[in-house]
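Down below are the structures I want you to see.
You will see chain A twice below: alongside chain B first, and alongside chain C after that.
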Partner chain A sequence: MALPRRRFDTLIIGAGGAGLNAALQLADSGARVAVVSKVFPTRSHTVAAQGGVNAALGNKLPDDWHWHMFDTVKGGDYLGDQDAIEFMCREAVPTVYELEHHGVPFSRFADGRIYQRPFGGMTRDFGGEQATRTCAAADRTGHAILHTLYQQNLRARTHFFDEYWAVDLLRDEEGVALGALVLCIETGEPLLVEARTTLVATGGCGQLFRTTTNAHINTGDGMAMCLRAGIPIQDLEFFQFHPTGIAGKGMLITEGARGEGGYLENKDGERLMARYAPHAKDLASRDVVSRAIAVEVREGRGCGPDGDHVLLRLDHLGERVVAERLPGIRDLCRTFLHLDPARDPIPVFPTAHYAMGGIPTDRFGRVVAPARHGPEEVVPGLYAAGECACVSVHGANRLGGNSLLDILVFGRAAGRDILAFLEANPHHRPTEEAAVERAMARLERWERKGEGESPQALRDELQRLMEDHCGVFRDRATMAEGLQRLEALRARIAEARLQDHSRVFNTARIEALELENLADLALAMVTCAHAREESRGAHSRVDFPERDDRNWMKHSLFFLEGARVDYKPVRTRPLTVESFPPKKRVY
Partner chain B sequence: MAVPARLRWRCRRGLLELDLILEGFLEDGWERLDEAGRAGFERLLQQPDQELQGWLLGRTQPLDPGLARTVARIRGE
Partner chain C sequence: MRLEIYRYDPESGAAPRMQSYTVEIRPGMMLRDALLEVKAGDETLAFRHSCGEGVCGSDGVNVNGRNRLACITPMAELREPVQVRPLPGRPVIRDLVVDMSTFYRHYREVKPYLEHRDPLPEQEIRQSPEERARLDGLYECILCGCCSTACPSFWWNPERFRGPQALLAAWRFLADSRDQATAERLEALEGPYRLFRCHSIMNCVDACPKGLNPTAAIARIKAEMLKESI
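Moving on, here comes the complex of A and B:
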């Protein structure tokens, strides 16, 4: 049977903020753009971002993109590329004004200017007083941005393939990107989307972990597609955890709860943070609190029948404080735990939040990989932007409000570079049939019948394994064992079977394909985390507690073939200003 | 009657809270809905995620009485 085909100038995989901002640049310039999304565009994960987006507009207090740049370099523990960071912090300002122009309903100060709020890690004057830099549309910034960009794209006649699942990228013998094989979820039928340029904007991969803030769709599909297409993934060992997620579920209990006087307790009723941070106690930095919880659980002082969490107590604060200052937390606890935090303690565990690593790109959104002439050669026609990409602006640790900024700035930059590429390359290249067959084989593998383990159960096991062996507690022995177990689990995944082979909206089939993606990313993450013998940003090793700039100020690159790790230098030279040399990161 | 496959996929949302609530309801509550209740559930799934979040966590109420009934049902009220 001949595969149905569609042709576009550009294929964009992913309809979050990154994909839609790129699509809009292109469609407004007359390019024929297709956006493929596994869920309806406005259900992309960008909708979850409530806090806001950073830009040095200076609407409340004086501000400067250069200060924002300093904060981002320092916050990333000096692993971020300073050229990209300078670019992002400068572009932040016109990017936010462009969104305003498109109609994003930002909140306003009394004088009519865009409302900005203070956010952690943002300072004035290179590490001085708190800055007020985070632009917000009430508590629904991501939602407002996503809906506005979607409406603008409809106006600009972007073609949407809603509820289509991208299977694999297609590249020809010379490595040029040609589009992708996608699957219509409704009919279960494959479709070939041929394009002169392809942008991967598939978001994060929090579903690698059992406890995560990420929705079920965040399975890192685009990153895994790149791995299979021979492109390495960069810095995946850096994954941000938030210390207090609802145990076994993942939703965030904001820092505000501890700010109001909440504290953590182990099964012996001890205030555990006194042992790990005698002064700051429960208000110590995120990584310190996260690690403390993981250690308590490992050492048998966890609570509950499985001893797998600790308790966050707010019950001493009194009914009034909880009702007035922490109503959101109360709603969450009532709905998901059927308990009232004004009376009962909340079971918590560190929750996986954000992937700093991803598909390596330059500041134009072009995917770069080691090749004949150096570590950063452009893959022709292939682009990546958003949480799935690593340009790298967040380095080893992302600051709040910088992710929405990243997806918007680099989505836009990619859109512009794609236009230039389309102009220079006016013709479609012939589709490589061998690449199509490889992608089809991936689909057909799940047609096999017979006995076999269920992908759903294996996904649970994988998430558990990652939490136990590559979560916040990392040392050599734990991760070495994790690698061994992962190898065995991957072998079982290769033999797993679907029981339901129906076509129409077969969620189990999609989940099986997602599981394969997660399994490849898990291998990338544990391998790189095991190799990196230092603590930097979100990657903290119990056995190597210090940052080691002499040996480790470099980016990791994981290749699927041979599960090989390579490295490339950090770009320490900004575009126009002086470099910020590494300093110890103290707050 | 088994849950239609379409609904399973459409319970996948941009917010983890919604995934958990809606998928949980598909497992435990959907079968007990009558025809009107099922239609109401489909209509609920067409609403924006932010709206659903407010309703399903009990912060706000849908103005539409049909949607309000479905929300109450899911919340076990």
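Moving on, here comes the complex of A and C:
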């Protein structure tokens, strides 16, 4: 079959902050870059990030990247790789300045410097007093950054393939990445994008859960593509529930609300966090705050007629702080709750938010997988960055303000390493036709006609299953049952049918393909969570409530083939400083 | 509640039509929720949507004659039957999905990126809170297209008039104390069409789901041009 082909130096899949920052580095260096995105770039979910990006600029209080590094290691419950964390915290400072030079409309202090606010888990002097480290553009930091990066890519004349959906990665027999098969959503026609290097930057998979801060598009496409390409997914059992989603609805209320002085209250009017984190209180790390809220509700101290949420109070901050620093969440509250947070408390509950796990990479953004000579062998030509990747800088729990940082730093790092790879590998390799056929088969599977369940209904069922069996608190029995149900559901998904087989802008087809991706990631998540018999960061086992460094200070690797789990050690050696040894984690 | 939704399938050869659906309204339900419920029963309905909270700008549609974002339009506010059509004046690809390429082209044409020509400082370029405040009401645009596709001048001259969105973007950079391309930006908007087709009809202001005011931005550009010319 004559498949249309396009050829580029680099294919970037995903147009969020990671993809666009990599694209910018590359396009500005003269590489031919194609960015494929299933939505117009500024619709990528980076746009919804609110609170800010961490960098030890020290614009308000003295600060040091080394303190930031300590906080990130501790926040991740000692599962993060310390070489990558050192790199990220050092790079944070020039990265934020570079963004500012690109035009990001950061809020400002009176002296004209970038505004910074306090955020959870951020301290001075290695666990001392609260730090003020999170650089913000009001509470629309993600929007400001994403639009700026898109704008700069327009200047750099990056090639954009807007509304193209990536079907599968292509690798040759030696495992070298060759590009991807993509689908033009508007015409329904497949297109082969051949590239010497491929960067997966497809974001998270929050659509695994029913109540989520994530957008409809966050279906983990890149992670699932890697799984199918024989690459394992790392640490997917660590999934963050954000403490303050709007109760029952899921829209995010930024941690910046607590950074600006907001606090959580139970039905007795108690500041509940004093009990769980006597020192940091409302600015403890997110896993701690989420569990605290869940416990309050479970023990009958929740608010509202059903006692199913707690309240986030901002009404003491005053009109000006809310208007200037939190205008976006004020809009959200007015639209979805008909209340003004400058006067009324906001009902909140932990909501699925962020995947700490993902495609295993090193600190240069190169995908690493066990092949022949150990667990960290580089997959030639393949890169991953952003939420879909697991470097791992977030370990078992990500700190607020570190996700924008992660996508920017590692998008940029991947861009740089890709340039070196392109120089060393100046020629395209021949496309493996068998790989193209396998990818095409994925599309053809949904051409089957006849009776069958609808993908839409199955997606709803999958989301409920994950919420019931792999939520904030986990135990063996619940997850074992979840695995059984998941197996049955996956069998039904394999038999599902589309009724609509049209070509042009067939969103039902895209959603069916996304459902397959979610189903593979659900299996990865529950399998690894079931296997990990300890509590660490966001992974909270009722039946194993303690962290177990002797047996479990290691990364999980899930392989799709045989649903197998393997492990690899945590890199505890930083680049230049002393290692932070595991300590009991208190806030 | 009854919805009448514009349907067009280019592959069927049939003419566009309005199709009726009935959706049970829940408290707090938004138009996007209603469209999703329709789609659950009829997977052939195509529309764009993503974040569900009015920040990604995907789901601009025309509702009872007004351009709005479906995800932040409460069903309770709408008159029955709720008429949902694609954004006006753009070629329809399918159902509620329109071709926005002309709209995006105008955005690109205004060079919507910061141009700072002095050597860059090692740290941030300083900007006072007052200078930064000039960007409020400008930088928040989500490129949903509700404004430009509500603008009669854009309907008549879609190829030549930049439209309210692109002009708001142009002013966002003109207004930025860090930008040093003022003369070129103004010059690029001269002539009878690009800027001056705006007749202050203010449909854009009415349509903007983020409460921004492109008409005011356009007036500021005109004033700035006048200042430059004398």
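Observations, loosely collected:
Assume the second predicted complex is superposed on the first by the 481 of 587 C-alpha atoms of A that agree within 3 Å, B and C clash if a C-alpha of one lies under 4 Å from a C-alpha of the other, contacts with A are read in each partner's own complex, and residues count from 1 in each chain.
The definition used in the following text is that a contact is a pair of C-beta atoms (placed from the backbone, for glycine too) under 8 Å apart; a residue touches a chain by one contact, two chains touch by 3 or more.
Just so it is clear, the structure is predicted and the values come from calculations on it, not from any experiment.
Look at A:Arg140: by the touch rule set out above, it reaches both chain B and chain C. Legend: residue contacts after superposition of the two complexes on their common chain; A:Val47 is shown touching both chain B and chain C. Of the two partner chains placed around the shared chain by superposition, chain B and chain C are both touched by A:Phe336. After overlaying the two complexes on the shared chain, residue contacts for A:Ala215 are found with chain B and with chain C alike. In the superposition on chain A, A:Ser502 makes contact with both chain B and chain C. After overlaying the two complexes on the shared chain, residue contacts for A:Gly256 are found with neither chain B nor chain C. Of the two partner chains, chain B is the only one touched by A:Ile510; chain C is not. After overlaying the two complexes on the shared chain, residue contacts for A:Val39 are found with chain B and with chain C alike. 39, 42-45, 47-48, 140, 143, 147, 186, 215-217, 249, 251, 328, 331-332, 335-336, 502, 504-507 are the residues of chain A that lie in the contact sets of both chain B and chain C, per the superposition on chain A. By the touch criterion given at the top, residues 9-11, 28, 39-40, 43-44, 46-58, 72, 93-95, 97, 100, 104, 108, 111-114, 116, 120, 122-129, 131-132, 135, 139-143, 173, 176, 178-179 of chain C touch chain A in their complex.
Residue ranges of chain A in contact with chain B, taken from their complex: 38-39, 42-48, 140, 143, 147, 163, 185-186, 212-217, 249-251, 327-328, 331-332, 334-336, 502, 504-507, 510.
Across the complex, chain A is touched by residues 4-6, 8-9, 12-21, 23, 48-50, 56-59, 75 of chain B. Only residues 39-40, 42-45, 47-48, 57, 96-97, 100-103, 105-114, 137, 140, 143-144, 147-148, 151-152, 154-155, 186, 215-217, 249, 251-252, 328, 331-332, 335-336, 454, 456-457, 498-500, 502-508 of chain A touch chain C when the two sit together in their complex.
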